[in-house]
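The following pair of complexes shares a single chain, subunit A, combined with subunit B in the former and subunit C in the latter.
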Partner chain A sequence: MRQSTFNNKFLPYILLLPTMFILVVFLFYPAIETFRLSFFKVHPWTGATRFAGFYNFIKIFSNPEYLHSFVLSAMFAFAVIGLGLFFSLLIAILLNQKIAGIRFYRTFLIWPYALSPAIAGALFNFLFNPANGVLCYFTGYRSWLTDGRTAILVVIIAAVWKNLGYNVIFYLTALRNVPQAALESASIDGAGAIKRFFYITFAFLSPTSFFLFVMNTTYAYFATFGLIDVLTEGGPAGSTRILIYHLYKDFFVHSKTGYAAAESLVLFTLVVGITFLQFQTSEKKVHYQ
Partner chain B sequence: MKQVKMAVMMLIITVVLPFAVFANGGVDVDESATASIEFWHAMSGERIDLIQSFVDKFVAENPNIAVDVQYTGSYNDTLNKVKSAYKAGNAPDVFHSYEIGTLGLINSGIISPLDEMADKYKKDIPWNDFFTPVQSYYKYQGSHYSMPFNSSTPLVYYNKTFFEEAGLDPENPPKTYKGIREAALKLRAAGHETPVTWNLHSWYFEEMICLQDEPFVNSDNGRGSELPTKVAFNSAAGQKVLEWWVGMEKEGLFLDVGPGWANHRAAFGSGEAAIIMSSSSDVNRLTAALAEKGWEMGTGYIPRPEGAKGGVAIGGGSLWMTNNHSNEEELAALKLISFISEDESQIAWHKGTGYFPVRKTAMDQLKKEGWFEENPNYLTAFNQLLDSPESLNTAGGLLGIFPEARELIQSAIQEMYAGKPVKKALDEAAAKANASIEEWNDIMQ
Partner chain C sequence: MRQTTIKTAGLHLLLILCILIISMPVILALIISTQTEAQVLSYPPGLVPGSNAVHNYVTAWTSVDLGRMMLNSTIIAFGVIIGKISMSLLAAFAFTHFNFKGKKLLFGLVLVTLLLPVPVRIVALFDIIRRLHWIDTYAGLMVPFWASATSIFILIQRFRTVPSELVDASKIDGCTPMQYFFKVLLPLIRSTLGALVVINFIYIWNQYLWPLMATNTKEMRVVQIGIKMLMSTESSNNWGVIMAGVIITMIPPLLIFIVMQESFMKGFALQSEK
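Up next is the complex of A and B:
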């Protein structure tokens, strides 16, 4: 194959310009501005600023509700990632069989991913809302969303369900790329189905699992906002108020721009940190082909 | 006689007119100069078309003015958009805010106070024609900052058919805490498991403090010369409200349907609940929902403890003008919000939505038409409002961090449902609110 060459030195930069422009305006500038504002007290209306040092950080970390939200988010993310990856792998394995109508099932199982979080929230609200939720009627239990202990469960289930399609697609593709030769030779060596799965399939799936872990962490921390807003508004009594929801309230409802900027920096650091840590520890265990 | 009349006229012309023209030092703007203004509001659904129709009429009467009217989401969304737009230098000339944003906006530095604008452009706003509760809510230290637009109060709605079946008087709804609880017990005995409900909203709590003629915050309920520094809602009055409210939930008489405005309406419409509280602007909607099932609906005043002497405060929203616009635009904006507060728009608004008309003349006209004979439930809401004595407490509390205070109260009520003692939860909410007030007062300086 012959590669085309560009002799113009400036052409690449010109071609990159639109992308860079978008990135600067919508990503870099807001990020830098957020970083800056986290060290200021900000007037809620005019945006006038007053330097405050680490005031915002000290305040948010001495707020027990924020700390609760911090722990809650970690638990929530753990549950969403754990259950999400487990069930999607399970479903992907089932979908990887040769049975009649498999294309049909595949399409339907991937469907939830096409929904926006707010719509997914509305669907679960239809099932669980205390006034006329379908499942409230069938279970005879009204307080799914108004009792803190069950509300977090509903939110976790909804979040897992919503992202199932995404995870399944990736696992399904990965499963198809597991070399049959390796599986065959293992079975000749006397490995049973379970051993084959854990030693061969699982190992070949590890890059995908790693990728999905990172994506699901971001999903659990950031993209579940709409679900929570529709289902519980962070309640009852803060039992579903994860960090992103706390941030939303502080900025959009309470107009505490300084706090919100600091919280957003914390959230950013947290997710980058988790991903970095994950790269450090799992890199060795991940087998790329 | 004629000479006397003439003399009086002359006196008026020579003595009063010069004051009217020169005393207020207004500016002269060509009334017919062209202007183009933006108006952002927070009313969704069919209300978008209704507001558009007011604006269309206004433009037809003022062909030199062009109005771009936009629905910008909830009150909260609208305020956030106004904030961003203001920082970017293209704030709308007129925007719509909820009542609890009032003190924040007065201190925001982004608005033009209404009375100042009216003086500047020599437009007379007939404040005496506005209902007293409406005026007293929006008047802050003697002057008006925004134009009252959509006003409502909470109201009790009950299912007359169920009342009759349970042996309760369908024409005489309970008016006290004890009364509601006793009615609920009878309804339960008649087979309605959880007969009472309303949505988790701090508004009811605030109004039920007004009903006891107690303040929500200090500094004359937020209306004094100093900004409020502490909330007062954890008083005995506040506790009394929640001991009763949460008590009914504990007894299983009250169904907790969570926040939002859909669930309690649904529970009432399906016959699950026989007594609810909701906004007075729900009359149309709820009457229709019950009629569909062949049930009759009644309305009553929101309940109070025995002997309490207060009244309800007005809720809803008002129209604000932002600063930094040309004289022509300001005048156009002023004319627009005046037009929307006039009888014709207010009557159409009342009929189309259920919000009160804010003006007495509009009310008189509705009475003359026989509107209230056809719609007696609207009269309940009016009477409840007009029966309210005038005081700083029934005017409604003002607080810069009101939206946050609401969140704190709602969270506290959920903690009470889960078992926390009323006083403890309220005191904790108050302490958090006070800390936020201190910060707010510091930042706003």
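Up next is the complex of A and C:
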């Protein structure tokens, strides 16, 4: 559909000026400057810079702790996305039934969306604290947060729990937009409920799934910082220190500006890769609409 | 008939079970926030409300000056909402209602910012805020968030659904573009604006990394950092006070979310159609 437009030579530029000003000063300039700094050695106190080529990148990638963090982040994101999308789709399907009181159920199933990662961190810190955590008591295991192998599981559960509401909202909207005619005609052709779900509903949901895949990736990589800072502080012994936490420590605690800038560039490459994937797949979306 | 009744009952049961599992952490927090220290530390954990609610909530409020942090978070949230939504409205209006040179380029610039979340530019952003002497100021916590690709996209999507006959009609009536914007367009998109308020309030209220770096003094800290401070202040695992603090800080975003839920649900999904 073509929108009718106004004719005015200067007005659109004036309208865009505030946004563009903020974009340049607080987004483009800092991004470019961060990337530039990743090729420099930066003095921790004076801030004096000296060109260093790929020194920072070589340094961070020859650090076993960083490599561990790199692999950990990928596995963490994979778990958060997989579990998150699976459970939210299940809940969305339950919520898509025609029964009384569905609005009430919807509200109380999506409300953790309004809670912060830091709050999720505090809640799960309490639930799993070794002294008297309720879930330590019920599982008969006290070392959930003091053993690195299980601490990461607690972080995953907390992260999935916190983002469930967000995912349910999108799946629910998508489920409501699945054309009933397609389901009915499949039913007439003798397809059972399970077949109908996998062949028709699932296909119609795939654009939403891709969108949520991208959003949950950035959530897992970036937004879980507060959760981890409150729940484990990256520990025990670095077992929950994902890339963003590593960057924060290098930059803010250890004043290794050059390393931190290089780590930012690594994260940027990741975001570009995922966004590229989203654009590739959004082509497919057209067929379904 | 009988079979459907059983099916419906089963569905209700399943939904209630899901609600209980999902709400369990917060229900437990509520219970713990009323218990005395002795009750909290009992093992096996006692899961009944205690008698210490008033003391816990007062301690949580006063020990880290939660009131001041709530005020800061509220000011910042509304400062960002007002700046971001007005700027995004103007930008989305420009992109949908005008043809101009460089439109594609400028739109591309907005699009590219999706690749630049805070962590990707945090090193130099921190430096800029420091050079502007904006550390420990509201400006440092608000201004960098005023431009938003997501808000602009949501508004563009919404503007596109407004019938373009309205533009033609207002041109015939001699309306200027800004008269059309304020008198015709804005009143039509109220529920989308409501959704943007909810999304952005929750986003800003719940932010953690940037406020952690951009503030040092107690007076400028925000509620999310307050939770961490409460946990280190109440070192002896005084979970009653900590959980009371957690409950207090989750109330504002929850209230906004529940009160504005209908407009939020309508506008939120526009995001996935960008």
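Following the convention adopted for this analysis, the second predicted complex is superposed on the first by the 271 of 289 C-alpha atoms of A that agree within 3 Å, B and C clash if a C-alpha of one lies under 4 Å from a C-alpha of the other, contacts with A are read in each partner's own complex, and residues count from 1 in each chain.
FYI, a residue touches a chain if its C-beta (ideal position, glycine included) is under 8 Å from a C-beta of that chain, and two chains touch if they have at least 3 such contacts.
Note that the structure is a prediction, hence the values are computed from the model and not measured.
Q: Between subunit B and subunit C, point out the one touching more subunit A residues.
A: Result: the larger residue contact count on subunit A belongs to C.
Q: Determine, under the contact definition given at the top, whether A:G84 touches first (subunit B), second (subunit C), both, or neither.
A: neither
Q: After lining up the shared chain so the two structures overlap, which partner does A:V134 touch, if you call subunit B first and subunit C second: first, second, both or neither?
A: second
Q: Between subunit B (first) and subunit C (second), which does A:D147 come into contact with in this model arrangement: first, second, both, or neither?
A: first
Q: Going by the contact rule set out at the top, does A:L27 touch subunit B (first), subunit C (second), both, or neither?
A: After superposition on chain A, A:L27 lies in contact with subunit C alone.
Q: Touch test for A:F252: subunit B only (first), subunit C only (second), both, or neither?
A: After superposition on chain A, A:F252 lies in contact with both partners, subunit B and subunit C.
Q: Going by the contact definition given at the top, which residues of subunit A touch subunit B in one complex and subunit C in the other?
A: 129, 131-132, 252
Q: Would you tell me which residues of subunit A are touching subunit C in their complex?
A: 1-6, 8-9, 11-13, 15-16, 18-20, 22-23, 25-34, 37, 91, 94-95, 97, 99, 101, 105, 107-109, 111-127, 129, 131-134, 137, 161, 164, 169-170, 173-174, 207-208, 211-212, 218, 222, 225-226, 229-230, 244, 247-248, 251-252, 257, 260-261, 264, 267-268, 271-272, 275
Q: For subunit B, which residues are in contact with subunit A within the complex?
A: Interface residues on the subunit B side: 76, 80, 83, 86-87, 104-105, 108-110, 197, 200, 255-260, 262-264, 266-267, 270, 272, 401, 403-404, 407, 410-412, 414-415, 417-418, 436, 439-440, 442-444.
Q: Enumerate the contact residues on subunit C facing subunit A in the complex.
A: The contact residues of subunit C facing subunit A are 8, 11-12, 14-15, 18-19, 22-23, 25-26, 28-29, 32, 40-45, 47, 87-88, 90-91, 93-94, 96-100, 103, 106, 109-110, 113-128, 143-144, 146-147, 152, 159-160, 164-165, 167-168, 171, 177-178, 180, 202, 205-209, 212-213, 224-225, 227-228, 231, 237, 239, 242-243, 246, 249-250, 253-254, 256-258, 261, 265, 268-269, 272.
Q: Going by the contact rule at the top, pick out the subunit A residues touching subunit B in the complex.
A: 41-47, 50, 129-132, 142-143, 145-148, 232-233, 235-238, 249, 252-256
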